[in-house]
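Sharing a structure, written as structure tokens. Questions coming.
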Amino acid sequence: MSEHESFDGSLAGEVRAATGLNVSACYQCGKCTAGCPMAEEMSLKPHQMLRLAQVDSRERLFEDDSIWLCLTCETCTARCPNGVDPARIIDCLRELALRAKASPPRRIAAFHRSFLEQIRENGRVFEFGLVANYKMRTGDLFADVTAAPGMLVRGKLALLPKGIEGIGEVRRIFATCAQAARKEGR
Amino acid sequence: MKLGYFPGCSLHATAREFDRSLKAIAGPLGFELEELEDWSCCGATSAHQTNHLLAVLLAARNLALAESQGIRQVMAPCAACFSRLATARHEIAHDEALGTRVNEVLRGEFANSVEVQSILALLRPMTSKIQESAKAGLRGLKVACYYGCLLLRPPEVAQFDDVEAPSSMEQIVEAAGARPVKWGKRLDCCGAGLSISRTASVVRLGRAILEDARAAGAEALVVACPMCHTNLDLRQKAMLQRGEAQLPVLFLTQAVGLGLGLEPGELGLARHIISTKALIARVSSGGESAAQAS
Amino acid sequence: MKELRQIAAKLLTDGAVKVVIGWEEGPRGARAAFVTRPEDAERLIFDARCVQNLATYLSPRRRHVVGLGKAAVVAKPCDAKAIAGLIRESQVKREDVVILGVRCGGVVREPTMPASLTAETVADRCGICETREPTLYDHLIGEPQPEPPRVTRREEQIAALMQKTPQERFAFWSQQLERCIRCHACREVCPMCFCEQCVADKTRPVWIESSSHPRANFAWQMTRVMHQAGRCVDCGECERACPVGIPLNLLTRYTAQSVEKRFGHKPSDDPSIAAPIGTFRSDDSQEFIR
Amino acid sequence: MPRIGVFVCHCGENIGRTVDCARVARELGELPGVAHAVDYKYMCSDPGQRLVKQAIAEKGLDGVVVAACSPRMHERTFRRACSASGLNPYLCEMANIREHCSWIHEDRQAATAKAIDLTRAIVEKVKRNRPLEPIRIPVEKRALVIGGGIAGIQAALDIAEGGGEVVLVEKEPSIGGHMSQLSETFPTLDCSQCILTPRMVEVYQHPRIKLLAFSEVEAVGGYIGNFEVKIRRKARCVDETKCNGCGECQSVCPNKKVPSEFDQELGRRTAIYVPFPQAVPNIPVLDRESCALFKGRAKGFKEDACGKCKQACGREAIDFEQQDSFVTEKVGAIVVATGFQLYSIGKDQPTPQLKGYGEYGYGEIPDVIDGLQFERLASASGPTGGVIKRPSDGKEPKTIVFLQCIGSRDAAKGIEYCSKICCMYVAKHTMLYRHKVHDGRAYVFYMDIRAAGKGYDEFTRRAIEKEGAIYLRGRVSKLERAGDVIKVYGADTLSGEPVTIDADMVVLATAVRPQPGIESLAQKLSISYDAHGFINEAHPKLRPVETSTAGVFVAGACQAPRDIPDSVAMASAAATKVLGLFSNKELEREPTVATVNESLCTGCFHCERVCPYGAVERRELKDGEGNLNKVAAHVNKGVCQGCGTCQATCPSKSVELQGFTDEQIWAAINAL
Amino acid sequence: MATEETKAFEPKIVAFVCNWCTYTGADLAGTSRLQMSPNVRVVRLPCTGRIDPLFLIKAFERGADGVIVSGCHPADCHYTAGNYHARRRFAVFREIADMMGVDNQRMTFSWVSASEGNKWRDVVNETTERVRNLGPFTEYQSLSRD
């Protein structure tokens, strides 16, 4: 990541360093927002996220939940007239937000943490464990409870994790990335 | 034809019927799946939304495994897995530094030589075969083919079909005897990434999709992604308003399997939350009457 | 060989050509043959000793051969490249020559050597040659041939020379060119040297002095190789013809390498592919230009 | 022994301060062949020039070297002085000891040594100079105008009014171009045809304009003042000399369902047709693709399936056997005014760089039309008689959405440039719409409003402030057919909100592109064009209507997207350039051109390949009995511009650039 | 002593330039009174396309220690394409020269436009300095000596 050309410490520079993408190429046409399935729920729309990245307004970006609502459905990227790749930039903004210790919405954070923990522990994700873990984190004990029995009956939820042999390698990957993130975060 | 197979976590759990139906149609269509040994999770949304390097490495581990197992082409039926693997391959190919980094961590000689294929890319060349082997066929079942987000986007990664006006899924189900309807929302996202953490949004998005499909006259929805399936099947009841009819959601492989005349049980059709019974009856009775007629 | 002789005899009998240029057994190995009577077609041979590039005889500058009338010429893949060069540069019209393409598994260094190909005997150019048969021909003759032994002697020599300092290279060539007697054999045998009056023979002005002075020899070889850039078919005849043994092929081969590296151009036997000097791309690399 | 005179100028103190001019003169004077060497304070002054003239006369000089300032400054001055004294001007050259010496050095000794070297090199060169005569080329006072749109019409009329003759070539059956399709024009909303058709008639009736409609340029030879143009006259199947434009043939033609090109396929025409009532010339064309007779013949029918038009024609003007014919015209100048076409959003695109808009349905949603189609709908002479109806069901659209920058400013679709005219015509469209559909709503999705021009910004403001158009700043992500309406998924970036509109009709302001075939025409003319096919002007600021080839000019939207006033201004400018050229009896050119020594030429034609102007020709040399000796190169002096690339490329140095021959340069290098 | 000799050495450099860009740029350097080393002698040609490798060979034969070839930037050629042809020609020639031991450091190729008086000064100074450091081209000159 840091192998890319590094810039002046601006947010745009950081995005460029991490992704090679140029947020200045955004000319604010709003086609991303126009096609975004989540735009109506976002307080900052995709084009506004890019605008704030252009003018180095990290606080407003990072303290807002909007970047966490992006589904990465890539509609914006596929239709962007100027090759900006908003989906990838928003991914990058989330990563930068985490490094800046900004916190994503509680449930979303809990979901991602539970998910990744599953991978780190088992190498694969077991939805039952995932849901259980998520519920522990959120205290959202009753949500989706209605669906679970039906899923169990239909064999849709595996109850027990099955490990993989290469788990050592998977954990090394996690360790490497955590280390890299700490280094960049400083 | 032997093909590397990356099932991904869903096909071993929530979407077992995808796995089953895929294996069921393999024989009649003449391909063989070789499951990647010791595969691990592709990282899915959670990895790429929080740590880019992690996302690349988790996917790359699997590509490297495939390479070491002598597999040249990996088919990932799950749209999310496909997208993650294909994205990693694309990014490593276009970023030399990233490639070096990946090789450092994986401690191997990873040459990024493995091609990644989606279920659409696998089945589209088989349309004539499907058509030939389709016995009863789907009897003109009107289906809405739902592509969702990651099968085709972004185009430089997926490199398949027309990203805004695709036709591959329609060609496949048409070969299986269905009649794909024209509808607007087939490329829109169902929101599965937030399915657990922000259910309300997902219900809103799913509802729009179901409404549009129904308005176009679809009797069923055909999907090629376990996330979409879980979302639109499992949560469909929450998406519908009182009195609205349910719309069965089939995996593409199930639709093809039905068209080929396979047993619904073999295709895991009983495992759906939204019942497929009426649909099965519609297809098979149609078949009977056709048989009688001839 | 039978096939070759039959075709040659038929061409002569039918009057389709007046002369078939090929190789025959000579007192010192294979040599060029000019067959004008059908019955003489029996003299024609083709094997790994057929080293010489016969395209040279098609150049209008060789009036004694051209004067014989319409020719058929036996062409190895590398000879075909030279014929393509002559067509490309309007020296020969495609319809005025019958090309008897032969499949080629490489030739030996000298026509006097036995026809067996080993890493020691194979000609340098064949050691890296990828072409087993020409694509420019009227008749394609012979069985598919195996790849000749792979040798990279020349490439290694070039690499070694380029490792040295410019001063050392200058000294190397000064020594070599000291021996040059300016007989111009390198020019005379070259299929791609066909000017009515060579720039080296020009007197107004005298760009290149005609004496065999090292200064003049430097100017001559630099100019000769410059004129060959992107046109040379690497037949190696210049070096083979040099009576004092100057390794001229080092120069032409190195130039061909540079041309390929820079412009992606390799000599080919397709006359429609333009030579790289005399054309350009607006985005040609210009790292050497300030 | 040559007799060269050397004149060293002090340029006041400018040279004298750092160069010892007297010493320069002294040392040069000792050079063999130098008959006279002096230094003087100001060589360019009258007395200075007189020194040169006197020396030529008195010392019988056969060459003059003035060591002074840059030749770019005073070479002409001294050459004229020499000429006045009977010395061929090309035997005079300058050594630049001011800009290249005295002004850039302080060390007097080094500067003086350098000045001596520079002057000596020029002396050696001049010893080998040859007298040259300027090249004179006659000028054909006729111009070819390619393209009969408003730019071509304007250029043709201006040239003809200025006394020149004009050949106007138009590939369509009628002149008039896109302007004839427009309903009203911005920013005045005056009727397009009302202002255009009188000009079209004027062209037709002008005694000095020869109109060749339904014709195309096939080949161009020659050079400035002397072009020879081969023109293909496509077969109309109607004899232009006999037809009186009565229209009888059209009224009997049984095929009345052919989509009309003029109406952008919104209307229908017959197989034999005049594109529109005011067409000039008012002579029909038979479209063989749609004609029953020709379709039958293609299928191999023994008897002709139709022939009604021929029977109906009272003047026997219809000729089914007519073939394309060719005419050759000699002209002195050419104006390229081929105009534009609109980008279309379909899946199939003419080049791989261009991409269609799948998100807008690739042009397959029936009520998504383009701006030119809207013009036809709005036009009183259009297929709907000026009533706004949507194509699918003829319903009057109550909600209409205009999308700007479709194709334009969209690198992902292959066009980065702004098409310039769309902001204005979309504003016009909203007004025309509101004037016709009083209760309708017009929305415009735009990125920026670019309305720089006289009365332009006022015009767009009027659309917004007075005519009720709702402008939303944003691009549209997707157009979706939903029952009776088209769902427009857009965003208003100013409020920050996504916007969805259920539209009855959508009008796309698609990008302006050059006409198809422009590249091949440009190649025929040896003029350059950009990556999009727009013709390159010779200089973006100072030579806006000239091209890279002398004598070829450019006007209108084939050079870049242009509106009517710009196109007309440009056409008049090009016409002025043409008339300026025609005001010369003959053209005089510097004789620094290449010549071939045919006896040495081997005919490898490297020179032909490198010549940027196509000046090298192949010439057959024959012996006394007419046998072909060889084919040698020959340089056309009219075309050669004197770069000398041929000479550096020629392996045997058989081509020489006059004024910079090998001998001259060799001598100069030797002297340094 | 050797160092003193090197210091005393003033290289002789011949520049072949096109009339429209570099020659005019050099004129501009003059009008702007930009001071530069006096070692360069300019030969004016209409276009870099006219510049023949033979000119460079001849210059070295005549004792030049370095040469400069300079013309219009790509796309700026007065004759539209002469500079492109020159670019290919000299790309190859300098490699041939390098192979034969003519140090490429003795040759400068540059694009100097009519407005780049400064750049011309830099090209002149840098070339002079570089060739001065290389010392006289004794190898080539010694060819002529016997």
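Letters A, B, C, D and E mark the chains in the order given here, with residues in each chain numbered from 1 onward.
In this section, a residue touches a chain if its C-beta (ideal position, glycine included) is under 8 Å from a C-beta of that chain, and two chains touch if they have at least 3 such contacts.
These numbers come from a predicted model, not from an experiment.
Steps from subunit A to subunit B, minimised over paths through touching chains, total 1. Between C-D and B-D, more C-beta contact pairs are found at C-D.
Centroid analysis (C-alpha atoms only) places E farthest from subunit B.
Separating the CA-averaged centres of subunit B and subunit C is a span of 60 Å. For the pair subunit A and subunit C, the distance between mean C-alpha positions equals 64 Å. Work out the mean CA point of subunit D and of subunit E, and you get 37 Å between them.
Across the assembly, subunit B contributes 163-164 as residues in contact with two or more other chains. Residue positions 54, 58, 81, 85, 89 of subunit E each touch two or more of the other chains.
Listed for subunit D are residues 359, 610, 649, 662, 666, each touching two or more other chains. Applying the touch definition to every pair of chains gives A-B, A-D, B-D, C-D, C-E, D-E.
Within the complex, the subunit B residues that touch subunit D are 162-165, 182, 184-185, 212, 215. Residues of subunit B that touch subunit A in their complex: 9-10, 12-14, 16, 38-41, 43-54, 57-58, 61, 65, 95, 97-98, 100-101, 105-106, 148-150, 152-155, 163-164, 187-189, 191-194, 196-199, 201, 205, 234-235, 270-273. On the side of subunit E, the complex with subunit C involves touching residues 53-54, 57-58, 61, 74-75, 81, 84-85, 87-104, 108-111, 123, 126, 139-140, 143-144, 146.
By the touch criterion stated above, subunit A contacts subunit B in their complex at residues 1, 3-4, 18-20, 37-38, 41, 68-75, 77-79, 85, 87, 91-92, 94-95, 98, 105, 107-108, 110-112, 115-116, 118-119, 123-128, 131, 134, 143-144, 147, 150-151, 154-158, 164-167, 169-170, 172-174, 176-177, 180-181.
Interface of subunit C with subunit E (complex): residues 161-162, 166-174, 199, 207-208, 213-215, 218-219, 221-223, 225-226, 229-230, 250-251, 254-255, 258-259, 262-263, 276-282, 284-286, 288-290.
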